[in-house]
Every structure is written in structure tokens, then in C-alpha cells.
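Going in written order, the chains are labelled A, B, C and D, and every chain counts its residues from 1.
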Amino acid sequence: MINKIWPSVDAALADVFDGATVLFGGFGGAGEATELMAGLLRQGASGLTGVSNSIGKGDSGLAALIRSGRLAKMICSFPLIKGGEAFQEQYRAGRIALETTPQGTLAERLRAGGAGIEAFYTPTGVGTEMAEGKELRSFNGVPCLLEQAIRGDFALVRAHKADRWGNLVYRKTGRNFNPVMAMAARVTIAEVDDIVELGALDPEVIVTPGIFVQRVVRRGGAH
Amino acid sequence: MINKIWPSVDAALADVFDGATVLFGGFGGAGEATELMAGLLRQGASGLTGVSNSIGKGDSGLAALIRSGRLAKMICSFPLIKGGEAFQEQYRAGRIALETTPQGTLAERLRAGGAGIEAFYTPTGVGTEMAEGKELRSFNGVPCLLEQAIRGDFALVRAHKADRWGNLVYRKTGRNFNPVMAMAARVTIAEVDDIVELGALDPEVIVTPGIFVQRVVRRGGAH
Amino acid sequence: MAALTKEQIARRIARDLQDGQYVNLGFGIPTEISNHLPPDREIVIHVENGALGLGPTPAAGQEDPELVNAGEQFVTLLPGASLFHHADSFAMTRGHHVDVAVLGAMQVSERGDLANWKIRGNDLGGIGGAMDIALGAKSLYVAMLHTTPKGECKIVRTLSYPVTALGCVKRIYSDLAVIDVTAAGLLLRELAPGQSIEAVQRLTEPELRVAADLRVIDI
Amino acid sequence: MAALTKEQIARRIARDLQDGQYVNLGFGIPTEISNHLPPDREIVIHVENGALGLGPTPAAGQEDPELVNAGEQFVTLLPGASLFHHADSFAMTRGHHVDVAVLGAMQVSERGDLANWKIRGNDLGGIGGAMDIALGAKSLYVAMLHTTPKGECKIVRTLSYPVTALGCVKRIYSDLAVIDVTAAGLLLRELAPGQSIEAVQRLTEPELRVAADLRVIDI
């Protein structure tokens, strides 16, 4: 019997290893796996490469991980945001590397990683700083940059409901990066509001099929 | 007020021009826009490039268009199927060109066209006939072929329900190529079982947002 | 000689949005546009974080933390709205499905190059979705104050700020004027009430051509 | 000396599918496997035309023309099933999310190269999803009769039929044997009842190594 429901956040995160690449879902406070991020802080893995739209705010979640020196590198589209001092301090102290990538390119690179597409040509970023060191090539008269897939060892995603097969649905703009990150990681761990019976989710409305999800934890459950 | 509902198949197809590229949704009889295909036969445009998973069966739909000599070229993954004599006759008589592309590559090329991605590298087809004339390049040790986006002037898609903004939901495996074809065409015409009030489709379950759909016709309506 | 307020700029832009258009609104003045949409038109607002069909700002107490726009402000959905993930959302912009995007700017060049993401000389900058949106919208409008707080020209011959996208801006709406970017250079189409061609030209680095039907912005 | 029937091949393969695996089944013998899945395991069947979690063939009169598999046969969905479009479906295969694919074959080489889509010398062939699936599955199994109807070897040193994918086959299940493709060549693991190593070798072009624990297929 397939049962991807894990009893606790800590159990689900136990095998995150030093140097792993971790994908963090969420945008603007919506769709963030806050309990998994807090769990990762307890868990202690370091030297991580983080992939996320931004670098976290204040002193919880991704910002807390960064402040604790657990990330060696960030790949993101918003390294400079209000409340993002944790990252800025680490960055200016030379303790964290940064790869800035346009938001749409970030989403597409993750989807490519999940879909087995190794690289693609996009017009975004041509003529900008983002083009530095990247191949420039035109197709049908459209100049494009070559961008490569991103894959994660782990993805920490937030969803609304899950079943024991790992099927996920989201809530409103909490969806954001979560579905493409779920595709792109070897181990996707989903933090969800509710766990429902198998069959309770209409096959037509499942956004992330369980094939992309390895572990599910319920919010508000045991650490 | 946005109203993408068109009164008839013939009106919705009136501007299909000679030489247009037309994307035909459907797989194995599911999700085929049969009334739009019959309408295109009446409409008379010729020299078309068709994009579809197969080349149609028997003597209706795509097969009827091909038998009538209206397609100059097909891009598909199944040019040889039981019941596909219409295509085979035209092909062997040198009256239709063929580009065979693996099914997953076909879906991805259409999605790329819709997403503004001009080209991508995929491992599919390396070492096969499909590699002929295509650039071969390795990423992270994975040999890949360069494949280019496909875009259509028109897409004839089949869906289950639509609203006047053109939002679509599908039924079961009738979904298949329809959502990526809707993305990839300049004018997407959707043939639907039902038209519902705006707001009747839950925003969470809409598969094809209306931005990808220009015209909607109801099945069983006027020609 | 008063320049337009930011709200008046937003109102002016709103009038140019057409029934049925899909529109992406950036941070700052552009966000304000959604409060001034013509009531007789259906304009579908796209946010890159994954929704089409935004409605008005929610009433106090009605905010949903999982329903925000790209500026992290609470929003609502209209009937007909749809939700989707980031890759699909940027397929809409990059794939030229969005009709109009309105973005803020630090600088715009006479060729329509846009700079709006990073201060000159800064090591960090938040690019977000600006590059994808600037390049992908069928028409890109810029909404901005005509000069910096120090009075420096923001409409320039060549960008000195880091580029967002090249040759993308179609029209500039400032507090002083409405200016089209054309193949023949910048075309002054409208002036704020009380402004003169000469006054606007003094605050604009490239030479302005003047439209035959130059008008005063109706506010 | 009876070889296995196609149904027996399908049964034998079904026994190797593990609880929780995502499995794609090609045309022919592979399709038959779904009728022999171990009842104590949950195995999630993927079809490339857009569903996960296929159930048994529908009862007569219960067929839904919009619910078919890749072979255009009517299917059903189990609780837990999901539906998706073609690009997402092939993301599952190309992106190495599908654990096992079972495909038919015209030829398999000793290096695990697969030919299964086009007759030698034919101008037309239906490739469909075979290339994507062969290359993307974590483990690719082949289900086939050991020889052609004319008695020609289908397991060969080098493919003479058009290639589907190179180096992709992990295991071959035929009516005569179960053979692993290993870095050191083909390894004979199981024989059909009444078959001998020598008899199978005679019908197999490359040299077979024989597993230390060679067994008879339990049917």
C-alpha cells in the first residue's frame, strides 16, 4: 500500500544532507512551507544551495536558515527585498554565493529540470547583466539566451490538501512555484493543511499528481 | 464586455487562410474537435500545415481533410496507424509532406511555442532517425537534440465546459494535447459540450485560462 | 503648472486600456491603475505570481494571506478568474499572450530600452519578473515621474542604469507628458495641464518630436 | 518444451512490479500486464495520453469514449487517479519520474538498444511516445516473443531495425527466458519450463552468460 504520509516534520527531513540543493516554494508569504523550513533549521544540514523566488524576510523561514549560515548559495530572482537583511549581511560578508535569475526563467528552469529538458533558449535577459557568460543565439530572428535546467535534491513545498498517494491541490496564489519545484526535486516533501481520503480529490482538479511527491506532512502535527 | 462565444462553427472558422498552420487536438478519439474539423472541410482553406498526434482515421475529421488534399504538410508522431489510409495515399502520391516527431517532443515543442521558449534540448531521439539534421549537444553528460518551438495560426481544441472569458475545463483523457495547443496558437477555437455562466468554473480547477482562448463554439449548435 | 499626481497618471493610463485586454501591472503607480479601471470595460488583470482576473482590494478583515499580488498586497478575484503556477504564468508573459504591461522605470531610452530593477553601481538588485514581462507584453507602457527627485532626466539617450530589456517600451506616461516611442524617435503626444513643449523638452534628454494633434491630458 | 503464452509473459512481468511503483505499459503484451497485477500491491499505471492510476477494463456498457489508454482501449480510473495534459505527462517520462516502463520490441541489442517502432526499409512508422518513454523510465523492461514468426533472432548484437533509444533496456522477458542487460553483456536469469540454456542460446544472437542462480520461470 502506498502511504506517503509521514508522522512528523523531523522524520521527513532527517536525510537532508550537507551540500544538498533544496527548493523552497512560496511567493510573497503565500504558499511557503513554514513548518518544514523551521524543521530544516532544527535539522542542521549546512552548505545548502537554496532555490527560491526571494531570500526570505525577517528572522524566520528561509531568512533564519540564511542567518544561521546554513546556505552556501542562493539561486533566486529577488535577492534585494525589504526585510531581507539576513541575506544581505551574509552576502556582503562573503559567506553566501548568489545567482540572480529572472523570475520567469527561474520557473522555467525548474520545470525543465522536472521534465527532463536539459536546457532551453529564452529571449528573457538578452542585452542585460543576466546575459553575462551565457550563450546568445537567435531563432526566427529572436535573440535568446541559453538557460540550463535546475534540479533539487529536496523540495519543500506547501499545498492545501493531499492524499496518501501524494496528490496535491493548492489554495489561490499559494500555488506559485510549488508545482514546478515538486517536479524538479528527487525528494519532494509537501506540507499541507489537510490530508484527505484517497479518492476524495477529483482526478480532474489535482494540480500536482502524486508521482512528483515523495513525502507529505500535515501542518500543525508533530515536529 | 468580453464575450468569446461565437454563434457558429462556420463564423468561427471564416478567417482560416490558405497556407495556415492549424493545430488539431485529440488523442485516440478523445478530445477531438470533430465539429470544427468538419467545419474546416466546408470552409475550404488549403495548403495547410497540420499539427496533430496522428493523421486521422477513416474518412472524417483530419483524415477527411487530408483525403481532400487540403493539407500540404503534417507534423505528427503517428503517421502510420490502422485506418490511416487517407494519409498514406496522399503521402505515397507525393502530395503531402511529413515531419515525424516523438510524441513527448511534439507536446513540448507546442508548449514551448506557447511559452515563448524558442528551442530546447531534449535527450529524446538521440541516436535515432529523429536526430538527422538536428544539433547534438551534451549537458551534464546527457546527449540531447535541439528541438524548436511549434506555433500555430489556429488551434482547433475540444473541451468540456467554457465560460464567456474562454476559460476551459476538459474531461478525462480528452485533455491530451488540447491545453498546449491552446497556448501555442494565435487564434484558439474551442469546441465545448457546455457553456456556463462566468464564475461557474472554480478558479482553482480551470485548466486553460481564457487568455489562451480566442473563440468558443458549443457542440451541437449551428454550423 | 502643477504636474499630474501619481493617481492622475494612473487614471490617464487606465483610460487607454481596452475592453477585453489582458493587463499586467507592476509595482508603484501601475498597481494604482486597478483602482481606476473604466467600469464599462472588462479588463483582465494578470499577476505573475499566478492569477488572472484580479478584482478590487479586499475590505478590511477580508484579506486572504494566500491571495496576494506580485507586490505582496492582498487582492480579490473576479468571476471568471483563474489560478495557475509560475511556469504557466510566465508562459503568458513570455509567450506574448498579455496585451499590455505597465511597469515603473528608473530610465527609458529613446529606443525604448528600459531600466527599472537595479541602482547603478549596486551589487544587489531584485529583478523579479520585470525582464520577462517587459519583453513579453504585446505593448509595454511605462508609468513614472518625469525626472528623479534631484531633477535628473529619466528619459535618456542611452541607459546608464542596468538594462531590464531592450527596445521594449511603447509609451511613457509621466507626470508631465504622454510620449510614444517610435521608430523615428520619441513623439510627444500629450502634455499635462499648464506644461509647455519647451518645459518638457528641457527635462527630456533626447529630442522630442511633437505630434500634429498634440493635446492636453484630460484629468 | 512449450514456450510461455503472451499471458504467461505478462503474469511473469507483473510479479516483478513493486508496491508503489509508477509503471507505463506499451502496446501488446505489456497492456496485458494490468490484468495480472498482484492484488496486495498498489501499482500506479501511467498512460502517456494523460492519466495516472488506471484501473481494470470497464464492464461492457460502462466505456467512456473520453477515457482511453495509449492503445485507444477503454480504461477506468482508480481512487487516487489524476489527469493531466500531454506536456505534463511526458515530463513524467522524460523527467525520470516513471519507475518502470514495459514496451514491446522488434529487436533488442546486447547493449540494451531498442528497436520497436518501424519496420526496416519502411518509409513510414509510428513513433508515438516510445522514444520518450524508453529513454525516460528508470527501468525499461521489454516484453516480446523471443524470435520473429520466421524464427529470426530478435535479441541481436547490433540493431538492424530503426533505433527507438540506445542503451535503455534493462531486462527482457520473452516466451523462452528472462534476460538481464548488464554492463558485462546479457545475463540469462530464468528459463521457461522445459527450455534449456542451449536452446535459448541458439535463438539469441549474442552470447549469453548464465546466472549462478538460474531458475525456471514459475508460471
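Here is the rule we use: a contact is a pair of C-beta atoms (placed from the backbone, for glycine too) under 8 Å apart; a residue touches a chain by one contact, two chains touch by 3 or more.
Just so you know, these numbers come straight off a predicted model, no measurement behind them.
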Next on the checklist: Using the contact definition given at the top, which chains are in touch with both chain B and chain D?
Outcome noted: A
Checklist entry - Any idea how many Å lie between the Cα centroids of chain B and chain C? => result 35
Next on the checklist: Using Cα averages as centroids, what's the distance between chain A and chain B in whole Å?
Outcome noted: 32
Next on the checklist: Nearest whole angstrom, what separates the Cα centre of chain C from the Cα centre of chain D?
Outcome noted: 55
Next on the checklist: At least two partner chains per residue is the criterion; list those residues in chain D.
Outcome noted: 51, 77, 83-84, 87, 90, 93-94, 136
Item to check | Interface hub residues of chain A, defined as touching at least two other chains | outcome: 108, 111, 115-117, 122-123, 170-172, 203-204
Next on the checklist: On the basis of the stated criterion, which chains touch which? Give every pair.
Outcome noted: A-B, A-C, A-D, B-C, B-D
Item to check | Of all residues in chain B, those that touch chain D in their complex | outcome: 27-31, 53-54, 77-81, 88, 91-92, 98, 100-108, 110-111, 122-130, 170-180, 207
Checklist entry - Across the complex, what residues on chain B touch chain C? => result 1-2, 111, 113-117, 163-165, 167, 183, 198-199, 201, 203-204, 206, 209-212
Checklist entry - Touching chain B in the complex: which residues of chain C? => result 19-20, 22, 42, 44, 46, 51-53, 77, 79-84, 87-88, 90-98, 136
Checklist entry - In their shared complex, at which residues does chain C touch chain A? => result 47-51, 64-72, 77, 83-87, 89-90, 93-94, 113, 118, 122-133, 135-136, 162-166
Next on the checklist: Applying the document's contact rule, which stretches of chain B touch chain A when the two form their complex?
Outcome noted: 108, 112, 115-123, 139-140, 142, 144, 148-149, 169-172, 202-205
